[in-house]
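So, here come the structures, one by one.
Heads up, the next two complexes both have chain A, just with different partners, chain B and then chain C.
On to the complex of A and B.
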């Protein structure tokens, strides 16, 4: 192994393959893939979603500009990475999030999680996840106890877009819990009672939650675009969601006392931030493993951690925490799951013949 | 003149927290309020100065082989005095600092100064060194505590044993970020201040280089 490694590292022989992928192309492709989720967030949460996304993007661009100039790296706002961070961070906030949560959370994400470690490519953790965890701990009351209903039901009752947007963040309306919180507190009986166990609504995103994470449909559209453009590979999203589905089917009934193999896998897959986390944050190219086998291990561990936190932990949701934890393990995973070098296997077969 | 230099070096050039990076355990743990930094700092100043003095006086009597146990005995006796005084006169500070008062015994700064300075220098210099290092420690802890308390709970507590006041900033900071008074915030503030002090020192070094050339 050591010998092969030395040989591969000895020099870069021609011919070289020219790849059409550049940092800018990949980043702007991800930004395009995030647009459907943004449209869905405005559709379900109205002007509040626009406000949060606007503040987040403005803060992100400004912070990126300042940090780029402070560290003398020039102006880096056009490579698109800060747009991804700002959009993802905004998608991770509840519709009633006050401005300071958006501003300081995204400043933390861009300035400390990304730039303090050297900028794009050197961040040890997905910046949006770092920012989300920061605001969850800093303003836990705002971040976990105040979910607004979607504006669709109000619009059906005859309100217009702006009225409904204002109504869902008024103190009287911020009482309904997200599906996962209800499951944690009241169990499945509570979900039935509040009408939250509607798979169609969960799929299209017509449930209380963070603005960009509720609509599995919009996220899937973005992911299909990224897969077609070959920006991401399938293994992390598919295996992460698959592991959560399998484990929540096996163990999901335990907290309710209904025994093994009674969990509601579809509910666990569609609710919370799992789709957004698995499709856009866990497989961020900087903070996910390099090799195929490494990614498989990484995705399965993510699924195990998320299910454990959701079912048995103190928090209703565990996607952000598990991604942050596994991001930290990525350098270790990369050491153990190295891809074999091209032609390495044939060299082993040849060896006995020569001797 | 020389003694004054020994005193000043602890404040910035060899600041125990931001330059030598010693004694981080109490630094991160107790700095949730401004006053905790002052209280902890006063305790450390007393212990550091007195133990430096005593170790410096005894430096020719303590055999090389048992010097560490001897230092520990000297430091521990002063820490015991401090702990009893705090328990008697400032019980709320005792509750806030908790285990970190007895842990001053094993504080790296105190043992470090005993080993690196007091055991090799005369009493006057050792006392000045202890005062300077202690003051540097106090100022650093107060600074960290001040930043964390303002951002994390929106107050400035300057109340010790019933004297002083608590300044309320809730007018300007209506919803403080609780994370700053949790351990996470401690590490974040500590890291940013370390980076800032490193930046200042780098700039100073560059200036000195430019002056020489």
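On to the complex of A and C.
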């Protein structure tokens, strides 16, 4: 905002008072909301999660600092937005991800997806999603085939936290497939065999997967906080998850050959990156539509795309791809989904009731 | 107030800033007469008035010194007796280089209230001409000439009169006091307006629920009457905006580019009703108005009746100012204008003088838009403020106009809530001016 501002007489604008609501408050609130998922990631994947989050945050802060100074925007690391990107990117990595995947992935997210387009507010795609897609393509082996089991069963067998953390990323342990991969490859029979069809474990996050995405419980805690603080609105998370649930119930049985209306909606909702994507990435304010109707359309399209990729596509997981694709359509959605303006259609006369 | 009573509100949007009604308990007091008044000729919406006096003339209180020029314009009167010492060009808050008549106070005062004129047998035209004669304009801040409102164009039938006592702006309490202290006058004014517009069937008085004593007072006053009704309104800004008030009370929407008269509604501020009463019953022109002089740390904050043209510096001498303040505002903090110069006079539009502390009106450092869509959520009109402001900022005003640039009522809810503190209203206002300039140039 610059060109017209000076001409309009800076300083003379009404309103003269402002709400305490600020960019910093919004961003740090999101960071606070991401903490439960971070705790869950350490609880289930041990020191590996700590390592990935630490590297990601350090890379993110450094990249943000350098990019802010290079583009002469000053030091922008305190507005909290880079913390969100770094945490989300870290949550999207498997526990065995090597350090260079974390470093280059997050550098790509912050420097290219976010700053190359002008920094906070100007990126066309969620930076963490951009970073994830980059590492999925660049290091596809790391990102799709090498899942570790959680440390809980090992701790139950008497190992301590550090031993278990080391054990799950050792080469002989990285064979376990994520629930969605198993479903893709072996169908429901495979899921039963590996004991992955346990809704309680799926809900609390005790399943193989990316470190921050497995625990629906922790993610829900964060989302409730954001809803209470009025940082986000309910449309995108609820409708995205709802659409996936509905469509996977209707069509989920087709790849298994059991026909319509036999899909396992709960399994699809709780597994993979859907909860994290719907609650923290799809509704990222910068890259989601403005109007209510636009958000409704956007969320339903996301649900359709994700279900299609999961059920009929080549990848087991479709959340990141769908969000990236719909992010690109956001300017177009904003153009066609506008709120109705006062005075353009006449409302029916309503008189106050007798009191 | 009865807890079970239904509370009305407009359909969408709105914000709730700190109310800060510091002076709600302070009765209206007559302010001291200044030694000198400076009366601008442009105090109303429409063409400025033409000066009728010259330097050296002796004028008496209530004498017409400015004549309306055109359909939408209003007369201006001398607010004190005295001698015209200068006619000068100066800026007001809203107009540049308009004529000011400077009067040195001296001579006698007129006892307006002592004389009552019968009005019961006057016809509509006579009432409208008395209101016009007195130079009454809407005192809520928009200053639309009242006589124009009272004579709707042929074919438009006004059936509903709404009295605006919402006073949704933080700090301001003058309408609240008017409702409590001038209820008989306002009741008479309702009858006067009904004589001017005999088609009026129903009268509503909209009062926000933060003025519970005013709601109770009027409920008791109107007990047993069904033609005039008190409507409690939810405390929500901009409840007192004309369009929002109409929507809250009648459920109808004023068509875009239309007037409330198009849907048979007339909205008058309660202070304006008092001015109508004085104009018709006492033949008193609009030479003084009530205003709220307030702010955190103001020594003698209160509600005062002030002569039009009183320099603000005179009020500061009488009632003091805070030791440290960021801005002095004419009107409320949401829609008011900053007063750059203490010598500026009180005008017909000055509903309040508000001092804002540095903590309230901090230097606005705007950040990039994060598209949080809060401005869409609070817009009472249903616009996309951030999109319109971005287009205006890039001079794409035609496109901005196509998505509702001119439907914006500039209430400031969007700029209030914006986490990036983008001056959305400033940009939209600039876009409107730029568009008009461009259209005018294209015509040449």
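Everything that follows uses one rule, which is that the second predicted complex is superposed on the first by the 323 of 355 C-alpha atoms of A that agree within 3 Å, B and C clash if a C-alpha of one lies under 4 Å from a C-alpha of the other, contacts with A are read in each partner's own complex, and residues count from 1 in each chain.
The criterion applied here is as follows: a residue touches a chain if its C-beta (ideal position, glycine included) is under 8 Å from a C-beta of that chain, and two chains touch if they have at least 3 such contacts.
Since this is a predicted model, take the numbers as computed values, not measurements.
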item: Contacts of A:112 with chain B and chain C, given as first, second, both or neither; value: first
item: Partner, of chain C and chain B, that touches more residues belonging to chain A; value: C
item: Chain B versus chain C as contact partner of A:120, first or second or both or neither; value: second
item: Partner chain in contact with A:100 - chain B first, chain C second, else both or neither; value: first
item: Touching partner for A:18 - first (chain B), second (chain C), both, neither; value: second
item: Partner chain in contact with A:134 - chain B first, chain C second, else both or neither; value: first
item: Partner chain(s) touched by A:341 [first = chain B, second = chain C, both, neither]; value: second
item: Complex contacts: residues of chain A adjacent to chain B; value: 98, 100, 104, 112, 116, 134, 137-140, 142
item: Complex contact set, residues of chain C against chain A; value: 2, 5-6, 8, 15, 17-18, 170, 202, 204, 229, 231, 243, 247, 249-256, 258, 263, 327, 329, 333-338, 340, 356, 360-362, 364, 366-374, 376-377, 379-384, 386-387, 389, 392-395, 403-404, 407, 410, 412, 415-423, 425-427, 429-431, 434
item: Interface residues, chain A side, partner chain C - complex; value: 1-5, 7-19, 21-23, 25-26, 79, 118-122, 233, 285-288, 290-292, 334, 338-353, 355
item: List of chain B residues in touch with chain A within their complex; value: 175, 177-180, 182, 184, 188, 191, 195
